[in-house]
Amino acid sequence: QDRPTLRLGLLKFGTVNWEAQTIIDEGLDERHGFELRIVSFAGGDATKVAMQAGDIDVTTGDWLFVSRQRAEGAPLTFVPYSSSIGAVMAPCESDIASIEDLRSKRLGVAGGPLDKSWLMLLALAERRHGIDLARETSPVYGAPPLLAEKLRQGELGAGLNYWHYNARLETEGFCEIVSAQEAARELGARGDISAVGYIFDEGWAQENRDLALGFVAASREAKAVLAGSDAAWQRIRPIMGAENDAVFEALVRRYREGIPDRPVEEEEADTRAVYRHLAEIGGEKLVGVAQEMTPGTFWQALKDGS
Amino acid sequence: MAPDTGQGVARASGAAGARPRARPRDLLGGRSGTFLVRSLSVLGFFALWMAGTLLLGPRLCPSPATVAAFVVRETASGELPYHLGVTLLRVAAAFLLAMTIGTLAGLAMGRSRTANLVMEPWLVLLLNAPALIVIVLAYIWIGLTETAAILAVAINKIPNVTVTIREGARAMEPAYMEMARVYKFPKASLYRDVILPQLQPYLAAAGRSGLALIWKIVLVVELLGRSNGVGFQVHLYFQMFDVRAILGYTLAFVTVMLLIEFLLVQPLERRANRWRSRPA
Amino acid sequence: MAGDGAALRVRIEEKSYASPGGETVPVISGLEMSLPPRAFTCLIGPSGCGKTTTLRILLGLDDEFEGKIDDRFRTARLAAAFQEPRLLPWRTVRQNVDLALPRDMTDREAVIGRALADVGLEELLDRYPGQLSLGQARRAALARAFAVRPDILFLDEPFVSLDEATAQRLRGLLIELWTHHPVTVLMVTHNVREAVQLADRIVLLTHRPARVVGEVAVTLPREARTQETVGAFAAELARRHPGLVTL
Amino acid sequence: MAPDTGQGVARASGAAGARPRARPRDLLGGRSGTFLVRSLSVLGFFALWMAGTLLLGPRLCPSPATVAAFVVRETASGELPYHLGVTLLRVAAAFLLAMTIGTLAGLAMGRSRTANLVMEPWLVLLLNAPALIVIVLAYIWIGLTETAAILAVAINKIPNVTVTIREGARAMEPAYMEMARVYKFPKASLYRDVILPQLQPYLAAAGRSGLALIWKIVLVVELLGRSNGVGFQVHLYFQMFDVRAILGYTLAFVTVMLLIEFLLVQPLERRANRWRSRPA
Amino acid sequence: MAGDGAALRVRIEEKSYASPGGETVPVISGLEMSLPPRAFTCLIGPSGCGKTTTLRILLGLDDEFEGKIDDRFRTARLAAAFQEPRLLPWRTVRQNVDLALPRDMTDREAVIGRALADVGLEELLDRYPGQLSLGQARRAALARAFAVRPDILFLDEPFVSLDEATAQRLRGLLIELWTHHPVTVLMVTHNVREAVQLADRIVLLTHRPARVVGEVAVTLPREARTQETVGAFAAELARRHPGLVTL
């Protein structure tokens, strides 16, 4: 009964909660010999602060953040979680059907000018269409919920937003114009690359190897449950905040599409390629001193063939 | 000879008649008038809100009834009282801390040139340090604890109190201090009877706008590193763009503040201001 | 102008304040008097009887009373030397006088300079009131009241806190100004000799609640008002109103 | 007889000697003393900072040199001046708006019972409306525009100004108003010469803590819906946990504020307070 | 106690203020006097000559002067009636007196009640100072000064703004208190008769910068001080110091 506890810091009502809740509901943590404790926060920044303060063991983030922190001497590491990523949405009956139609439109960009989806999209537009999106559209950076709302209000012509906002928009007559995964392909990825993952301190993982590996395994199993079982979804529906069945179904579908299905090595190689391009576009502001993705960004233990 | 005896033809009249009549342009001085005007003002608020609902639709501006229903439901489930309680405790702790330290610092700076010289650059620095930075640094350096949260809020507020009280200390009437010095007032009496009453309007200003500022910062603090509280809830619902819930939590807090204002602060203030011949 | 026509009538039926206990304490009760235009009237009454309250009502600073006062108190140009100087501490002496002058007055600098020199403050024009002695501040307030050339002039114990020589000089100045530009003056004083020396009429008030108990015309011709005659007149007054007038 | 002539044996002495001597406990009254104390205070700040760097490491607490290098680089590239300028413009616009409206409302509420009754519930509501809500609602209702941003900031600040000025209006000395009434001061003069000087300490308090509050809120406003400004930059860097850049931008802003304080506000204030016999 | 031993010596070499122009304006220059213990000394001088400034220095409120004053001014229990009442407006009359009493005084209620009844304010104990007339406020300030039973009592024109009957009563009260509990009194006044009536010694000051030009012992025995003898003594004083003493 003295299973070690793993403190997982999450955005309350964030999409990662769904999997975490499933781990607890299905007893997956118990099966792998640990107890999962979810620590809720109200903002993405809060989990990063909590991580720095040592108040949680694991949280979520992306490989850009991990790579940069590693380069600056904080030994974080990354385990892919989902490849659901942002996409540009516009009203289906508007005159926007492709990237080229974005010219001179107001384009909402969630996450700011250094968001990786946005940077990849910039590269795609440049390479495929010779468009400088940053100049030829008027990008509006802002809080994701606000941008989604502005898209609904028609103040924005199109919006690049996170997938769960987009899943809702899908049910309200908005269509995907181009997704960030598509852009990643243009930059050399052969399959989907992950958008977010679990991040934690490598030293901690070294000391608690069984715990960390157990958690990764439990996560994988929970994904398998969610991929196959509708009953599991019904169980977590209350925490999903889906206002109607259509939204619920869109969320389930999009979530399932985002479950990573490639070997980590392959994904890491693709990510490394994409990273190189991003480093070029984003510059030091984005990646700090590391022009290449810092070695060890993807957790070594995943590739040791456990 | 006793020229000033208080006796005389006291007119038989109730409490209302005995108070000096309100000045003519303040037509609504009576108790019933007060109530009427207040009610009209509050009614106006709800009317405006309902107009907003009609204009913007229930998604962007849910009707008062919807919000009320939400508040009732959340109260019944215990969610709202819990988060509200947590936030109020944080607000109270940070408020007391900030007012105490801020007042002491402000007094020192207002009354001693040296103290002012030494502390002024720090004051301006703290005054202009973004809340975000202070909060993040507090969390990182102290840890994600309640102490860090309350300290962070207090640090954000202290310079504002200091700045206000410093003005008050500077504007104090030296004549009263001199009188107290001649009669060798003990320290306690000097503060209680001479300094405090002169600082009262400044304390009231610092306190009122302070409570509001603290609550604004508590929201940020809760957003960045706490797992409960109104700020936590409001931000969550903001992610989902649930305006109804946001308004519900906000109004619950504002209601508590209104109650404190009208049941606690104002009676106290009226007492403290009894001596002014024309209390506003 | 308040200087024309009939006397300015004042009738204060009742004026009261609330006591701390909440009861109504009458301060003035049935006070009636009338101020002949261009006459110099003195008001004498015991401390706390309601003199300042009466002045405040006539100045339009207090309208919570029962009674009726002449409309000309509202329309005329007023000036007052209050019982305390009431100079704005953040304005210099010169500015304090300047601010009180009517907008349309010409030649302001000269008027201000003259008025302040008359009261012996010619060197203190640019001082702030906090840098004056109390007597100097009172003189500045007097200069202000004189400088505006009012239709009705109210003076609430104008010559206290001054050494007798200065006070005497200022009394002379007041009479001189009043002779050249006769205005209606209502002056509160506790000094019976002063009242006899300056006034045309003396109005005597009772203890609180204030009521007029006597009106005395000062029948001494102005040119005959020496220290002796004034003293004798005042003594006679004291004899006739033993409770109210003391020398 | 002229008893008060200002003449007399004026001692030959420079400007320094002519000022009344500093009170004994304020040993450091002279100009050089001022400079010394200020410098020591600022030095202390940097010492503390460097200690922090040693203790926490350069990642969580980068050294002053690193931050300075960053500021220099960002200034050279034009980034920092651009964002700083944008933010300062917003701060200035919101400040003027908030001070004007807040002062007028505060005066009205402090001087008229009726105005106070009508506006008080609104005041408490606005005072306690979370910045987030006001900002989001402004963006939603007005649009993602500069107007919305500035209005949102001003609305957050107005109630604080109002509350402070209201206290000032209530604490005004009626004796001066009465004097002004007797001498029929024109309206303009009433405000300029009687009311404003009495409100001065309250305006100073509201202004100082107001500028700080506005800047705190501008950060949130820029974070939620603007594409430039210091707040926007700070948030961007916060996402990467780049403490160096955050400190750089913050200090740049604080430096501007320090300059405004010492070169503009304090000389003005000294002028306004010349009449006080013992200026602090 | 200041009452013992040698006279309290005062020597103010130089006291000056800065004028608005930045020059130093001397206010007191070479003022020397000594106060015999338990004696009643009056200070007379023209308006603005530096009397209040002298009192402030002796009270320890101003230490920016050159000179030396007796240490007993620092150690003795002091009381002062300032030129303005200086009551705390946010405390009632009763509280204002109470606050000034020494901590160790017993029987406070009785002392306060007596002191305020003595000056005729027995019905106004619970008023705030803003609800008093100026004369009443001055009396409250006097009651406060008397109630603390000081070793040295400073009075700056204590009896102005009072009707003559009240003033005369309070003068009697002061002398009565002083006879039963002899303290060192230094009183500023502009009223020469008043000084002759009350004082043992009168110190005359020049115009600014203040300097002592005359010390007069009032040789009239106290029981022989009637209106006539006092008047005559004052007249003689005025004759001898024509520029400084006016009746």
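To keep things simple, chains are lettered A, B, C, D and E as they appear, and every chain counts its residues starting from 1.
We adopt the following convention: a contact is a pair of C-beta atoms (placed from the backbone, for glycine too) under 8 Å apart; a residue touches a chain by one contact, two chains touch by 3 or more.
Everything quoted here is computed from the prediction, not taken from an experiment.
Other chains, considered apart from subunit B, form one piece (clusters defined by touching).
The greatest number of inter-chain C-beta pairs in contact is found between B-D.
Between the Cα centres of subunit D and subunit E there is a gap of 46 Å. Computed centre separation for the pair subunit A/subunit B is 42 angstrom, with centres defined by C-alpha atoms. Inter-chain spacing, taken between the CA centroids of subunit A and subunit C, is 85 Å.
Shared contact sites, meaning residues of subunit D that touch two or more other chains, fall at 3-4, 6, 60, 136, 140, 235, 238, 276-277. Taken residue by residue, subunit C touches two or more other chains at 17, 19, 46-48, 84, 128, 131, 136, 165-166, whereas all remaining positions touch fewer. Within subunit A, the positions touching two or more other chains are listed as 45, 52, 143, 149. Here subunit E touches subunit B in the complex through residues 56, 59-61, 77-80, 82, 84, 86, 88-91, 95, 99-100, 102-103, 120-124, 128, 130-131, 136, 144, 148, 165-166, 169, going by the rule given at the top.
On the subunit D side of its complex with subunit C, the touching residues are 1-7, 175-176, 178-179, 181-186, 189, 193-194, 197, 272, 274-277. Subunit A meets subunit B in the complex at residues 11-13, 39-43, 45-46, 49-50, 52-55, 143-145, 148-149, 241. Put simply, subunit B touches subunit D in their complex at residues 22, 25-29, 34, 37-38, 40-42, 45, 56, 60, 109-114, 116-122, 124-125, 127-133, 136, 140-141, 156, 159-160, 163-164, 166-171, 174, 201-202, 204-206, 208-209, 211-213, 215-216, 219-220, 231, 234-235, 238, 246-247, 250, 253-254, 257-258, 261, 273, 276-280. Subunit D makes touch with subunit A in their complex at residues 57, 59-60, 136, 139-140, 143-144, 223-227, 232, 235-236, 238-242.
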